[in-house]
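Below, chain A partners chain B and then partners chain C, in two separate complexes.
Now for the complex of A and B:
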């Protein structure tokens, strides 16, 4: 993952299920079924494209402007940070 | 229920075996082929504390244990019921140890599609003749299309218990063994429904082991099986496997990932609960991508299948994934 100094935490496992991406956080013994836009973002993040491309593709898929898309991505990342799925590095 | 893995070695060579790689590693690591009698004794006392009255002996091949006859005598002296999982190639000592036990005292679950030599088949025949009344046939489905005809014939010929304990060949997590692919399950389910006609005709009951999922049976096949006394269950409730040196496994298929080291402060039930708790997050998914939306799973009619199969679907993200 390469977006705004966020990185995935360790010991995560994920799978594409019909109803969305399922993530298991083995360290905290938790699992999450990601919502539809979260699942889209997750799939984009794991293919290692740069942040501009992520914003562009994410916004196009959920049919919003890139500014709105960026805001949505930040809110998802912030939610994931609370759930220990990602961590933010302050450089 | 708890299994005691008293032997790390086996004299069969089944390609679907999900114990062999783990036991081979243990044997290489500890240089120990068998669980010591002292250790067995201490676990039987642990069973007493946990109110467990059935001693289930597994391996490898448990009857290869050099003190097998003493273990049986010890279990009997402690009024335990004995269940043995075997390929049926029993030595004279093992046969003699079991021969005088009644079917109420002992059940012998025999792997009827074990990969054994011609000579071993003759040895197994002797076991069937002498211990037949205690033998429950075990059969592992390794191909989506299979036949139980010769197994049914064996049950009738040797007057074995009229039960078939049916398993699916399931994968070992992160290892290689011969296992059915989930996509093959519906064909296997249909084949089973067809096989159940003959079994029912001879009063033979088919009991499923773990790993079965509800959607592998069409509604028609499910009704046929129900009519033929097939008691469908879909469960992944671990029967803890206790190996030598206090190694407690969730099951062989998940031996790489879910195990606990025994500590005196913990009882068997507590260890089992810990292992179940650790596996719970994974149960949100199932063996198919559709499991998350499946009504059978939501209603509890299906558990989503074998956890090892589920885990094999997941992709890891570690530091390398960042």
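Now for the complex of A and C:
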């Protein structure tokens, strides 16, 4: 995953099943049960589609405009960054 | 006691008594059968020797499975047909179209939203969304979108959705992994070893498909989704069924294996692929079934599910909402051209942004597809499990008892399953190895015990 300079941090593994996504941060010995829209975004990110397609599909799934969808994605990424699930690289 | 639905089926030297509406299955000998038949007919006080069996008929009496009526509020499932296109070129498949439509995201979204609203309005907490084709996974974006959207929307009302896919397994391992993590049930069609799969189910360009399908089968097998293998059986691969079963048992861990006899089609006839002879199919089916049983894997044939009584084994007649790529609604996943060939119109509505639009007159016509309306089946002991097979392709417009190969296969395998239920494996093996006994049973024109005078066993 590499979207707007965000990428998954190392030492993560995740369990994605029908109940949602659980992300385990081995380094910090913590696990996170992602919420429903977070799980959708996570699954879209791991199937390796481009950022435009991710915004389009994410927005369609949660029934918001693409602008709103993009805002929601950024806020989820920011939350994940605080929890060390993703890291942001400044160019 | 209603004796009409008590059946007596000759199995070698014994008689299988089966009363699905009374939950009774029993084996009696011919002497008992002869002696007790009159008591059943005259409703006389039965002799002491028959008391145990006859009292069970009295004790447990279920009604016939009923047909649906009234408003369409409790659909069996929502079916989505993302496309009729396919990436395989199966030699017996008539699902061909030069320019197949692809379902739009809006149609999928409208259908899912309307279905979830229907569930919510009727206070249902569980739903079923099934994907049919063509091959649904040649439009993975649509399937992925539909699953995510349905799960997200259903979660708002705490509705649990069971996702099921019927697929050919011909795609990347990444996609197979996604399916195994996001679907509850994956039904994979594979017709046996490479020599059969590659010959009869090649890729569109003629290339072999076995290796890719097999690799993906391992992914489904290793996941926690319910994984079902479905193999179509025809003349060429019937004898290999036991080896195929052995291979499945040693290499994969499916929840279930389904062996279905091939139905003749224009393509199969053009390519000179012939159905297996009924006795060959049944004998190999039963051997394969016993092999897989040793691995703890159940085997089914769709018309022989003796665990429940129903009036229709297919979605037709059960208010299933199957959405075509163009957005029309029916309860049948076969091609519209096939309905037309049979002079039927099974479409009963359409979906748009306002929701489902049902033509209730047509809905009610579709509900008429039930075994209750098939006089051909009325005297057959399999009627509440087979229900006359596919309402579209299996011709039941015939005199009762004039069985075709499909009926014979159903009758024999149903009897074999009932013998298994009674732990009569020795009797089953003896009966299945005697072709005369099989023929006598398969050809019995009425299984109703009340018709005992005309039964072949009366002559034995």
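Observations on the model:
We take it that the second predicted complex is superposed on the first by the 89 of 91 C-alpha atoms of A that agree within 3 Å, B and C clash if a C-alpha of one lies under 4 Å from a C-alpha of the other, contacts with A are read in each partner's own complex, and residues count from 1 in each chain.
Rule of thumb we're sticking to: contacts are C-beta pairs under 8 Å (C-beta built on N, C-alpha and C of every residue); 3 or more make two chains touch, one makes a residue touch a chain.
Owing to the predicted nature of the structure, the values given are computational and were not obtained by experimental measurement.
After superposition on chain A, the partners chain B and chain C are accommodated together without colliding. In the superposition on chain A, A:57 makes contact with chain C only, while chain B stays out of contact range.
Applying the stated contact rule after C-alpha superposition, one finds that A:37 touches chain C and leaves chain B untouched. Shared-chain residue A:12: touches chain B; no touch with chain C. Residue contacts after overlaying the shared chain place A:47 against chain C, while chain B stays out of touching range.
Note on chain A: of its two partners chain C and chain B, the one contacting more of its residues is B. Here the smallest spacing between CA atoms of chain B and those of chain C, following superposition, is 6 Å.
Residues 16-18 of chain A lie in contact with chain B in one complex and with chain C in the other.
On chain C, the positions that touch chain A within their shared complex are 105, 109, 141, 144-145, 148-149, 151-152, 155, 163, 174, 178, 181-184, 224. Taken together, the chain A residues at the contact with chain B in this complex read 1, 7-8, 10-20, 22, 24-26, 29-31, 33, 46.
Across the interface of their complex, chain A is touched by residues 277-278, 280-282, 284-285, 289-293, 311, 313-319, 321-322 of chain B. Those residues of chain A lying in contact with chain C across their complex are 16-18, 36-37, 40, 43-44, 47-48, 57, 60-62.
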